[in-house]
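By written order: A, B, C and D. Residues from 1 in each chain.
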Amino acid sequence: MDRFSEIKRSAQAMLPELVTVRRDLHKYAETGWLEMRTSSLVARRLTDLGYKVLVGEDVCLKEARMGVPEETVLEANYARAQAQGGDPAFLPFTRGGMTGVIGILECGEGPTVAMRFDIDALGVFEAEEAEHRPSAEGFASVNRGFMHACGHDGHTAIGLGVAKILMDMKDRLHGTVKLIFQPAEEGVRGANSIVEKGHLDGVDYFLGNHISGRSSKTGDGLIIPGIYSSLATTKFDVVYRGKAAHAGAAPHLGKNALLAAASAVVNLYAIPRHGEGASLINVGTLHAGSGRNVVADEAKMELEIRGANTQINEYMTDYAIKILENTAQMFGCSCEIKKMGAAEALCSDKPLADRVAGICHELDLSPVELNVNGGSEDISYMMNRVTSQGGQSVFFRTLTHMAGPGHSRTYDFDEQVLSNAVQVFCAMTLELLG
Amino acid sequence: MDRFSEIKRSAQAMLPELVTVRRDLHKYAETGWLEMRTSSLVARRLTDLGYKVLVGEDVCLKEARMGVPEETVLEANYARAQAQGGDPAFLPFTRGGMTGVIGILECGEGPTVAMRFDIDALGVFEAEEAEHRPSAEGFASVNRGFMHACGHDGHTAIGLGVAKILMDMKDRLHGTVKLIFQPAEEGVRGANSIVEKGHLDGVDYFLGNHISGRSSKTGDGLIIPGIYSSLATTKFDVVYRGKAAHAGAAPHLGKNALLAAASAVVNLYAIPRHGEGASLINVGTLHAGSGRNVVADEAKMELEIRGANTQINEYMTDYAIKILENTAQMFGCSCEIKKMGAAEALCSDKPLADRVAGICHELDLSPVELNVNGGSEDISYMMNRVTSQGGQSVFFRTLTHMAGPGHSRTYDFDEQVLSNAVQVFCAMTLELLG
Amino acid sequence: MDRFSEIKRSAQAMLPELVTVRRDLHKYAETGWLEMRTSSLVARRLTDLGYKVLVGEDVCLKEARMGVPEETVLEANYARAQAQGGDPAFLPFTRGGMTGVIGILECGEGPTVAMRFDIDALGVFEAEEAEHRPSAEGFASVNRGFMHACGHDGHTAIGLGVAKILMDMKDRLHGTVKLIFQPAEEGVRGANSIVEKGHLDGVDYFLGNHISGRSSKTGDGLIIPGIYSSLATTKFDVVYRGKAAHAGAAPHLGKNALLAAASAVVNLYAIPRHGEGASLINVGTLHAGSGRNVVADEAKMELEIRGANTQINEYMTDYAIKILENTAQMFGCSCEIKKMGAAEALCSDKPLADRVAGICHELDLSPVELNVNGGSEDISYMMNRVTSQGGQSVFFRTLTHMAGPGHSRTYDFDEQVLSNAVQVFCAMTLELLG
Amino acid sequence: MDRFSEIKRSAQAMLPELVTVRRDLHKYAETGWLEMRTSSLVARRLTDLGYKVLVGEDVCLKEARMGVPEETVLEANYARAQAQGGDPAFLPFTRGGMTGVIGILECGEGPTVAMRFDIDALGVFEAEEAEHRPSAEGFASVNRGFMHACGHDGHTAIGLGVAKILMDMKDRLHGTVKLIFQPAEEGVRGANSIVEKGHLDGVDYFLGNHISGRSSKTGDGLIIPGIYSSLATTKFDVVYRGKAAHAGAAPHLGKNALLAAASAVVNLYAIPRHGEGASLINVGTLHAGSGRNVVADEAKMELEIRGANTQINEYMTDYAIKILENTAQMFGCSCEIKKMGAAEALCSDKPLADRVAGICHELDLSPVELNVNGGSEDISYMMNRVTSQGGQSVFFRTLTHMAGPGHSRTYDFDEQVLSNAVQVFCAMTLELLG
């Protein structure tokens, strides 16, 4: 444990600072592509620490971003970010939703280690009750309807903590460190645009982390690097447009978008199962029609597809598109399909996972192997790009006690976990570049 | 023309007064069950004229009203009606949506003649452009989102004009006159509750009227008593309630209300046609689900059914209810079906229609026979009750030039029609009770 | 009655002959496109009478025939017709399903009167009970599964009776008589191919007849020329072809034709109603799949569409084809649609119908006006072609007492009706060409 | 290898006899519940060897049999079995479909070992080409439409071979041997009725086997005892009964069974996926309707459900029944659901599988571990009953070269495999009871 003792001490010492940063971000929560204040502050901090910093159009490939809000929303939030203390030097680069930051530390010859920290909040109204600590202690979100209810405020704070320690120990490193602060992970909208920009090319090792709740069987504050796998997914928004008509006098003159959408929904769920693994679809919302006695001229659907692997996800996606397009056509409606997000299936590389497990052991954090299913994460795009080029990837979970479930209005976590995660990232970096 | 010359002169003379009343009602438009100000003013006027007046719970059978707004809406509009000059003596009777007024004039032995004047507005935002006369001349609706876009302001003014003239000539009448100011005709929600209260029992002759647009072939200001027929109809609001679940991890734990609703919609449209006449259904709106990755736990539909006659309408209604209930059940959802409105098929009695045509001729108004289809009117409940008891009914249209189509934000009509309609109602009353 | 007395006497005198012909045809019943024996005997008789006779490819336009049986069936029935006494001179022309005969009688200058007599039987197994007169009296069908259960044996006999009388009185006629013996009326498959061959071009008057059951209100043996109207219709056979796969191991490798067909069926019934009249669809049969645990690779449907008029029928047909094609496509199946029959809407011309009514009066047959709906007849193609060129058409029913309902195995009729029908056809011809 | 050397030598020596038995059974193939000749010959042989033999109603619980053919089929096949040399002493017990045989060998104190050999053929027409060895060598099925295309002829021969060797070595055994010759495995119809009769109660070890094709990676004639798992399944026949009506005149008087079935099919495929493993459904066949212009009054479906485990299979089954019943109800049809077969999920016990693997090694047969999915086997009922009472079960595959795929008309296998399988059964018995 000698080799990591300094990392451990530093990470524990910086806990108050990690908490301060996390609470500031929590208070000014920003959702996907609106993380303008957050991005500007991260860029400022990395610059001050001495990193080479990429911002604005150098981070995400502009046209590869998915689910970007409308212009008016982007502009309103730019004004908000200015008013809430965004860094004036970096804020302009984020205008129009060009959020995200990459910090690079070059330490001579050696492999490249990249780490991903996601920075966006969720569209959730935060609890105002006194039992909710952020409310009680004054750091609840002031941006009504935006809330860090999935721990990305913590992830960002961890990333900045890691940045500090690695800079301090840069003389012991041989190679390159790349810290990626990713926007718009919620809805799996942002990661691929960073991959498409080429930032994962040439990366040898890739590390990702998510704060997660501990169960009764796992101790408080422990870290669990697991071989975590999740489903591939694609998210679509669909609009059917038909033609209104009086339902009593002339239904034959209408093009019934509601009927078309209903027929599509039933057939979407009826897509034959894939025999080789999970093949899921959900039409989560459907809104259609303007009045009881009018043939509905518009129907909107939000849907998502998931597959045990990328191939199954594509089978479902292709089938769904055929159903959506043909059903619209047979009812005389137009069909607009917009991709709102996507993630590939994800699987950590066993050798790298084993090294994380070993490190946990050395750090006195109890490692536990996990094989969790059902969720989706667009970090998968990053991991798969690295793996496809011969590198290795791992995605692990840092366990903590939680006050409410993820994505809920009462979500909160024990901040001790911040220091633990910083230790794992830094120790792994030393392991790989030391 | 001798016998009607006084009626004709009086009706023409009162045109300015009819216009004033109509414009006041237009300005303070009130939708179904919220016609509190309107009802109080009608009751005041009838009382002042010397009618026996029924208000509040004496008009509509409380529990037979359909599509009554929620309590908070009722209360807010009661306050609004107070603020907008409702008559303080009669307003309290309307609280809670007990709107509508009946004026009775008893003139000794003889038959009973009842007339229906509907008083409610539509949920339409009125045009604000200068070309729209109500806006230009200052009587556009001040109640945003409520608009008299179907002429019921005119119908009410006509009813009060008729009340004045009949009272003036009461010595020439032998029998009873019943003037029914009906709430909530839009959505066919009100008429049946008046019928259920018994007000049509014992009526020998029943007259109804609707202001309608003239076509190029029919002159301005003419009256057309036609044998008008319309479809029977039933309106339902349906709520499916299921159970939310994570669409990726545990779709089997959900009860998918959106899928159930979609399946129901397709099957509703697939109800086998009736071989004996029009059998229509329309699901006008469908709103379901809360988020893309959540199994939808609620779906709401607004739908309507129509049939060429009451029997066909019942065939469709029974089938639809079976589909709605069984589909909910098979997807594990609950099903709440609420009747929001209903009308029977409607057909004027030929002998009475012929008498109206004769009267028009005497009044120098060009009568035209009509056979119009496709719409629905809950005056049908009143007509059918009268007919089923051996009486006669007629529903006619008073033609006028229109500025915009019915139910549109630019609707307006040539107010000359008001005087014409008053003449027909009064002359027919004299014909029947003279 | 002077002018028709000879016709009346002749028709009554030939009743035994009409009965003999009818019973011979009944015994050797032949279904659509297989009326080879029948056609050859009709051609022989018309030739012997002195008519100019068209047979084989001169009657129906070969490629416009619908629903023609397969080659092997045609050949087998050709052999059967030979064995059952088909006329050797004319039989060869019918080979391959080129059935139908036209007899022409030219009587100098004057208009052209065409008459249609349909000659085919149904695919019904005739009753063998003693109460069934054809069985009791030895003229039940010897062709098992083929039966004249709709009176076309009678129609053919009537046509030959008419041919005899008209030839006898040809000196009193001025113009042209065209007797059309139409194949394949059942399934509405034959008439249009005669129209397409041009035989209705230049026809001034067109007469058609169907033997029908009398009700209690109409006397036995009477003739009812009515303004009969029926629905337009189109008949399709549809085959979906997909791909089989093991339902447990690899459902995703299949293309499920059964699922596609089921989805199409539901959507076909859900085609929005036409607001202007009856719009019907029926998928009468559906056969799909080869085994429980195999993804079905084929589905076959027999369906029909009907509309109150040709335009509505087209609305339904276009919609149905879109649904059938798009649904197949979205499930990865091919779609073959074959038109098996069609008829247009049909309506007699009032002036000609009135003349038929007058004639009935003169003949002491009680005429009754009828307006019957729901069925379909491909004589409509002939009538509409004549009308569209300025001619007049009428379709009437000759009433009789019936032993069983049409299309049933116990169908039979009172043969007195044969003579009555002959009278009407001949008297009308004299009326028009006399 | 000392302890098994006698078994190995005997099994190899009896290969010609095994081949003879297999070919005789192949030639007189009998499908489920019709294995009357087969059962009588097995019972004769076991009796002659000295086993205690159970037949007729002592084998399967009569009312627990699924998918039993109709009485006329049973009788016809009883006559056939008599004509084809069924043993006259035992044949009467099989009448009415009471097939199946159990042979018991009691060797004093000790555990009970049960083995399952399934005996039924498939409804397949056997290939007649010369390349098909059974045809070339004269043992192709003489029962047209019945064929041993899944190796059960081999299984039966193996069972009789095992019976012979175990009887020869009974002095070395301590405990009880139970040889179960199961009828109606195809369609998973027979096993449960044996379990319900109680024959698996008190069994300590249970062995089952299936002949399977070797791949290029596994040598010819080898035996692979694997931990084989398969899906739980339920098979249903469903009949919807509605009411016929004329599709043009009175569709509203019909109860459309075809439409109801189509709607059910789409909804069955749309049953929400289970999040915890495979959840499959297949409607393999659908036959509905009698004619194009008649509302279909009957629809028949054959369907099957599968689940990764019994719980998921039940989730699907419960859902399917709700859909089937409610859909029938909403279209006014009756619904008859008949269970035609069922199997539970199946998994070998690791300790017993390891012992089989060890035995293979000793026998010089190369063992390979397998984890195959997708099929279903009703041996699962037997295995699960044994396991649930504290016993152990294993199901293994004996590999061989195959001429055509399972269930195909060209199926055949290298008969060397028969001897190999006999060795494994006998060696395992000695291992367990020695």
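We adopt the following convention: contacts are C-beta pairs under 8 Å (C-beta built on N, C-alpha and C of every residue); 3 or more make two chains touch, one makes a residue touch a chain.
No experiment lies behind these values; they were computed from the predicted model shown.
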Contacts shared by subunit A with subunit B include exactly C, D
Identify, among C-D, A-C or B-C, the interface equivalent of A-B, where equivalent means over half of the contact pairs coincide by residue number.
-> C-D
Whole-Å gap separating subunit A and subunit D, where each centre is the average of the chain's CA atoms = 50
Whole-Å distance, C-alpha centre of subunit B to that of subunit D, is 69
Subunit C, residues touching no fewer than two other chains = 248-251, 256, 259, 263, 266-267, 269-270, 272-273, 275, 279-280, 295, 374
Give every residue of subunit A touching subunit B within the complex, in rising order.
-> 231, 233, 235, 246-251, 256, 258-259, 261-263, 265-266, 269, 280, 282-296, 299, 302-304, 306, 340, 373-376
Touching subunit B in the complex: which residues of subunit C?
-> 266-267, 269-273, 275, 278-280, 374
For the complex, which residues does subunit C have touching subunit A?
-> 248-254, 256, 259, 263, 266-267, 270, 272-276, 279, 295, 312, 315, 319, 322-323, 325-327, 329-330, 332
